[in-house]
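Letters A, B, C, D and E mark the chains in the order given here, with residues in each chain numbered from 1 onward.
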Amino acid sequence: MKLGRVVGTVVSTINTPDFDNRTLLLCDLLDPSGKPAGGYLIAVDTVGAGAGETVLILDEGNSARQVLNAPGAPIRTVIVGIVDAVEEGPQPA
Amino acid sequence: MKLGRVVGTVVSTINTPDFDNRTLLLCDLLDPSGKPAGGYLIAVDTVGAGAGETVLILDEGNSARQVLNAPGAPIRTVIVGIVDAVEEGPQPA
Amino acid sequence: MKLGRVVGTVVSTINTPDFDNRTLLLCDLLDPSGKPAGGYLIAVDTVGAGAGETVLILDEGNSARQVLNAPGAPIRTVIVGIVDAVEEGPQPA
Amino acid sequence: MKLGRVVGTVVSTINTPDFDNRTLLLCDLLDPSGKPAGGYLIAVDTVGAGAGETVLILDEGNSARQVLNAPGAPIRTVIVGIVDAVEEGPQPA
Amino acid sequence: MKLGRVVGTVVSTINTPDFDNRTLLLCDLLDPSGKPAGGYLIAVDTVGAGAGETVLILDEGNSARQVLNAPGAPIRTVIVGIVDAVEEGPQPA
């Protein structure tokens, strides 16, 4: 998984029915300190993320289909969480 | 998913039957502002995209096979939508 | 898919039986104008491609196994076509 | 697989239930000499790795689901081992 | 597939049982001329490769599981052959 920041929404009128009622968010990829790392992904929102929020992006088709409970959907990338913090540690177990 | 712009068609005379009657479009990858990002993909068209149009490219084999309803096709990349706009937002839910 | 140019053959004496009688071609990756893009892939030939020819490379395991009709083969990359031309267009539908 | 070093923990309050009770570790990717190679991955811990430890990162969804014994989990990246050493060799068999 | 050169062995004491008795080789990725291309992969050996040898690396989970005859193993990258030569050609069929 990677860290991203929501920066926009993609509006697309012609597409497959599987994307109906799903928000496609444009997310800048971030480095661990929260600065843009120089790339982006378009991900399906599953957590109600808003502009400016730091999110956890999962970029694997089977995972995306599981999260959306849509076994036949053509999808690869989803936002699975809003990130509250990146903390130092943990200490070794 | 990534943003792309259709810039051409790939003509190939020797290939597997699964590509018969399918248009292979050459798409420049774009950054979020619509400028070329420095790479490209060859994708199967599913939406009737034309030269110069901004499209949504999905690069995962299982997704591509779903979109084309072709479970056994050797394919990885499809165009799933024409992009009308990339808007700021959304506001946090 | 990506464009490539066949530049050589890889000779390997110790490998799994699935590669017996299969030619492993070394292909430079190309940009859309046909110039080397700075990387390469080793792909299994399925079309009788020869040195110097521009080819269509498909880099996904399930696709490669489909093309070769070899469901259990350990393979990821195949050449699926010889490219005749990259044309401008198409016009929007 | 790649070498990584644990540098932090990602705290995320909204996510799918599959991540409950799982620690998400932020890992810098390393070059073979142990220096940061310039990227990172967020991986699910399976070995009790602590900050500063060098780990073996496996970045493939089906593998991650196997390691966690969670066939339906939306996950792609796991830490599968703590690295003790990278040794020269082996000598040819 | 990619060309690599075996440069070391990764020693890891905590990992999943699937890696017991398997050698994890550190391989520099090579360009077609045999020079380091600037990256590396950690691969499971299946051919008895030794330090300094040029090898054929296959980086796909399903392929790796096939080669090892281990359908449930968490693994993505294997060495499938030792490379004897990279030859010019072939001539077009």
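As a working rule, contacts are C-beta pairs under 8 Å (C-beta built on N, C-alpha and C of every residue); 3 or more make two chains touch, one makes a residue touch a chain.
Note that the structure is a prediction, hence the values are computed from the model and not measured.
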Intersection of contact partners for chain A and chain D: none
Chain-contact steps, minimal, separating chain D from chain C: 2
Size of the rotation, in steps of 5 degrees, that lays the CA trace of chain C over chain E: 70
Centre-to-centre distance between chain E and chain B (centres being mean Cα positions), rounded to whole Å: 32
Centre distance in Å when chain B and chain C are each reduced to the mean of their C-alpha atoms: 20
For chain A, residues contacting two or more additional chains: 48, 62
Sequence of chains encountered when the ring is traversed from chain D in the direction of chain E: D, E, C, B, A
Contacting residues of chain D [partner chain A, same complex]: 6-16, 18-19, 23-26, 28, 40-43, 48-53, 61-62, 72-77
Complex contact set, residues of chain B against chain A: 1-3, 31-32, 46-48, 56, 58-60, 62-64, 66-67, 78, 80-93
